[in-house]
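Would you mind keeping the following structure in view while I ask a few things?
Going by the order they are written in, the chains are A, B, C and D; count residues from 1 in each one.
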Amino acid sequence: MALNKVVNGPEQAIEGIENDMHIMFGGFGLCGIPENSIAAIRDHGVKGLTCISNNAGVDGFGLGLLLETRQVKKMISSYVGENDEFERQMLSGELEVDLIPQGTLAERCRAAGAGIPAFFTPAGYGTEVAEGKEVREFNGKPHILEHAFGASFAFVKAQVGDTAGNLVFNATARNFNHAMAMAGRITVAEVEELVPVGELDPNSIHTPGIFVQRIYKGEVFEKRIEQRTVRKRD
Amino acid sequence: MALDKNGIAQRIAQELQDGFYVNLGIGIPTLVANFIPQGIEVEFQSENGMLGMGSFPMEGEEDANLINAGKQTITALPGAVFFDSSTSFAMIRGQHVDLTVLGAMEVSDQGDIANWKIPGRMVKGMGGAMDLVASAKNIIVAMMHTNKAGESKLLSKCSLPLTGVACVTRVVTNLAVLDITPQGFKLLERAPGVSVEDIQAATEGRLIIDGDVPEMTL
Amino acid sequence: MALDKNGIAQRIAQELQDGFYVNLGIGIPTLVANFIPQGIEVEFQSENGMLGMGSFPMEGEEDANLINAGKQTITALPGAVFFDSSTSFAMIRGQHVDLTVLGAMEVSDQGDIANWKIPGRMVKGMGGAMDLVASAKNIIVAMMHTNKAGESKLLSKCSLPLTGVACVTRVVTNLAVLDITPQGFKLLERAPGVSVEDIQAATEGRLIIDGDVPEMTL
Amino acid sequence: MALNKVVNGPEQAIEGIENDMHIMFGGFGLCGIPENSIAAIRDHGVKGLTCISNNAGVDGFGLGLLLETRQVKKMISSYVGENDEFERQMLSGELEVDLIPQGTLAERCRAAGAGIPAFFTPAGYGTEVAEGKEVREFNGKPHILEHAFGASFAFVKAQVGDTAGNLVFNATARNFNHAMAMAGRITVAEVEELVPVGELDPNSIHTPGIFVQRIYKGEVFEKRIEQRTVRKRD
C-alpha cells in the first residue's frame, strides 16, 4: 500500500540535474549535510548551479567540493565563514553570493513547500537585506515581504528513512533538512539506515514521505566535525 | 580595572531570571552559561535546532550530530528537544525566547547594532542575528567598549552595515553597563575601579550620567 | 442506466495512477478507496493529519485518537504518518497531493465549484475544501448530475456561494464523465445506457459534444 | 536545569481568563480536545468569549458545553456541523460566526506563534472569504493576504507531556493542538500522562516546551467518538 521511492544510489538519485538549476542542500555547517549526493554532483560535473544552503561547507568538504570544481555560480546562504576558497571566489567576483537572514532562509524554504508564495517578517528591516523590498507595518512594527524559494532539487540527509520516503533525523542534524525537503520539486534523501515501511513509529516521523521523491542508503558518511570542543576528563 | 571577557559574561548572567529561555550568540555571550546564578533555572536555545543545550561533551563523547550554532560539539540536558530550523526561528521571531545575548562590532545610542559585515574586508554573513535582533524583546549586547584600534564601539551612528535598528536594550562592556534610552546610552554601572571619565572618554555616542553611578558587584 | 454512488466511485478510481497521493472528500469520494485498480499503489491523505489512511477498524478496535476528516474512526496502514494541521495543509497548498476528489452542490462550465453553503438554510462551513480546490492540480468532482428537485448541478454559473473559481478539472456524475474546457463541459463518456440527449437534458451549462461519445467501461 | 510548568489542575490552569478574551482550543471534531480545561471554563463562568477552534463541538460535549451556557460570543471555525444548539444560536443571531478555510485557520495559528504577521494564500480567492482582503498575483495565480491570529489563551491536549511542557500527541489527536500551542500568549496543555523531564526522547517531541506555559494531568478523559465506523468481524 505504501509507495516505493528507493533509487539504487546517488548517481540515479541526481538524474535530471542540469546546468544552471537552483538546488537546495540541507545541513548546518557540516552537520546533517547530504555528503553522498554532493559527491555525486561533483562527479557528474553539472555547472552553473545556484545553491541554497545555510552554509557553504569548508575547504575540501561539503559544498566546498563543488566550489573547488567551480560548479557553483551563486550561493544563497546565511553564513559563509570558514572557507578560504569561497572567500577567494567571492572577493574576485567569480562567485555570486546572496546573504539572507537564517530564519528568513528557513521560512522561505518552508513557504515554498507549503504553497505560501510570500510572507512578512521583521528580520532585516532597516538593513541592506530590506533594499528594494516592500515594507509594511503590523502592530506598529515594520516588516518586509519575503518570497518563497523555488528549487528544482533539494538534497537532504536523514538518520533513518523508509522505502516510502518517511524520514527521521538525529539531534541537530535535522536543521534545514526538513524545510528543504518540503521545498524541492524533486527531493532526494540519503539516509544512514533504510528500513521497510511499517518499521518507523507513525507518530515520530519528522518529514512525511509525501515530500520525498527519491531515497537511498548512503554508502559512507564521514560526518566531519567542524569545531571539536570537549571537556577534559578528570 | 576593566573586566575581561569572563567578567562581562558574569555581569550579564545577573540579568538571567528564573524560567528564562535564553539564546546566546557566539563569543563572549557563550561564556554566560558558565555563570548562571544559584537557585535559577534557565534553558538555552540554539538556533540550529535545540532547546536544553548543555556543556561541551567529555573527551571521546563528541557527536557530529549534536552541535550548537557556533558548530561546536555540545551535549543535551534532560528535557532537551530537537527541532528543525523553521521551528527554531518560529520561536525566535514569535518572541518565545526571553533573552538574547549577542556580540557586536558597533552599537548606536538609538539601539542600532552592526555585527555581520565589514565592507571590502569581511563578509561572513548575518546567520541568525538579523532574525534575533528584529524580534527579541530583550537584547543585551556583550562586547569590549573599544575596538583593537582603541576606537569607541558605542557610537552616535553605526558606520558599518546594520544588523538591526533600534533593537538593543542594554550593553555590557568591559567598562560599563548601559541602557539604551531615547536620550542615548544611560550609564548604569561602572566596572570595578573604572571612572565615569574613563567611560566618557571611551564612548563616542551620547552618554547620560544621572547622579552617582555605582560600581558593579560581581 | 445511470450509475449509483458506487458506480461513480468505481469510475473515478480509474483515474488513480500508481504512486499517487490522494485526498478524498466526504460522501461519494470516500467510496473511491474501495475500487483501487489492481497493481496500483496509492496513499490516502486525510487533512486532519495523516497519510496512509486505511479502512474502518474491526469492531471493538476503534480508537478515539484515530479518525478521518469526516470524524469517522479509521485505521493506519504500514508506512502511515501523523502530522499536525499546519503541516497537513502545507501538503495540500504546496501541491504535494496528486489528486483531490470531492463532492459538490454545483459546478460551473468554467470550473467554479460551490459546496459549502446554502444561504439561509445551511452553513456548516467549508472545512478544508477551499484550501483543496484553490491549490490542487487535479480536482475531480464526484456528484449526481441533478439535485433532488431534478435540477441540473452542471451550470453556466453557480448560484450558490463559491468554494473556488476555475479549479475543477473533471466531473464524474451518475450520467457522464466531463472535462472542464475553455468551451465548457466536454462530454467524454456516457454512463452505460445513458444517451447523449439524456445528458444534454440534464446539463444546464455549455456542453461540448465532439463526435461519438463512448460508454464508460467499469 | 529544565523549567517547571506544572500547575495543580484545570482551575489553576485557567487563572487569568477574563470576559471577552480571544481563546484557542485544539482538536478536530471531538478528537484531541482539551476536555478538562473546557469543563473548568464552563464552571468558571467567564463570558463573551471569542473561540478559535476548527469545530464547535457537539450538543453536550466539547465546546458545545460553552455554547449551552452562552459563554461564547463568537466562534471562528472552519466547520460547524453536528450541533443543534450552535445552529439555533447562529440562525437567531445570538452567536457571531466567522467561517474560514481550515488550512488558513491552521496557518494563521502557526503564523501567530512564528512571528509572521501576514502571509498570502490562494485559499478562498474568488469567494466570500476574500471579501475586503488584499489580492495579489504570484506566478500568475491570485492569492489573498491573511493575518496571524492573536489569542490570550490556547488550550491544548496531548497524550504525554513532561514538567517542562514538552508535548507528544497521539495519532490524529495532534491536529490543531501544535499550531495553537505555538500561538497562545498563555498556552495550557492538559495531558493523559505527565512525566519528569528526561523521560521523553528529545528527537520525538512534537511541541517544544517553550511554547507551553502551564501543564497538568487531566483527571478524566472521556474521548467521545463522533462517528463510530467499524467493519464487522467474520
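The criterion applied here is as follows: a residue touches a chain if its C-beta (ideal position, glycine included) is under 8 Å from a C-beta of that chain, and two chains touch if they have at least 3 such contacts.
What you see is a predicted model; the values in this text were computed from it and never measured.
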| item | value |
| --- | --- |
| Mutual neighbours - chains that touch subunit C and subunit D alike | A |
| Intersection of contact partners for subunit A and subunit B | D |
| Reference subunit A; chain at largest CA-centroid distance | C |
| Subunit B and subunit D: spacing of chain centres that average the CA atoms, whole Å | 36 |
| Interchain centroid distance [CA atoms averaged], subunit A/subunit D, Å | 32 |
| Subunit B and subunit C: spacing of chain centres that average the CA atoms, whole Å | 55 |
| Per-residue multi-chain contacts in subunit A, two or more chains | 107, 110, 114-116, 121-122, 169-171, 202-203 |
| Touching two or more other chains - residues of subunit C | 50, 76, 82-83, 86, 89, 92-93, 135 |
| Chains touching one another, given as label pairs in label order | A-B, A-C, A-D, B-D, C-D |
| Subunit D contact footprint on subunit B (complex, rising order) | 19, 21, 41-43, 45, 50-52, 54, 76-83, 86-87, 89-97, 135 |
| Subunit B-touching residues of subunit D, taken from the complex the two chains share | 1-4, 110, 112-116, 162-164, 166, 182, 197-198, 202-203, 205, 208-211 |
| In the complex with subunit B, residue positions of subunit A that touch it | 28-32, 54, 77-82, 90, 97, 99-107, 109-110, 121-129, 159, 169-179, 206, 223-233 |
| Residues on subunit B engaged by subunit A in the complex (per definition of touch) | 46-50, 55-74, 76, 82-86, 88-89, 92-93, 112, 123-131, 134-135, 161-166 |
| Subunit A contact footprint on subunit D (complex, rising order) | 107, 111, 114-122, 136, 138-139, 143, 147, 168-171, 201-204, 206 |
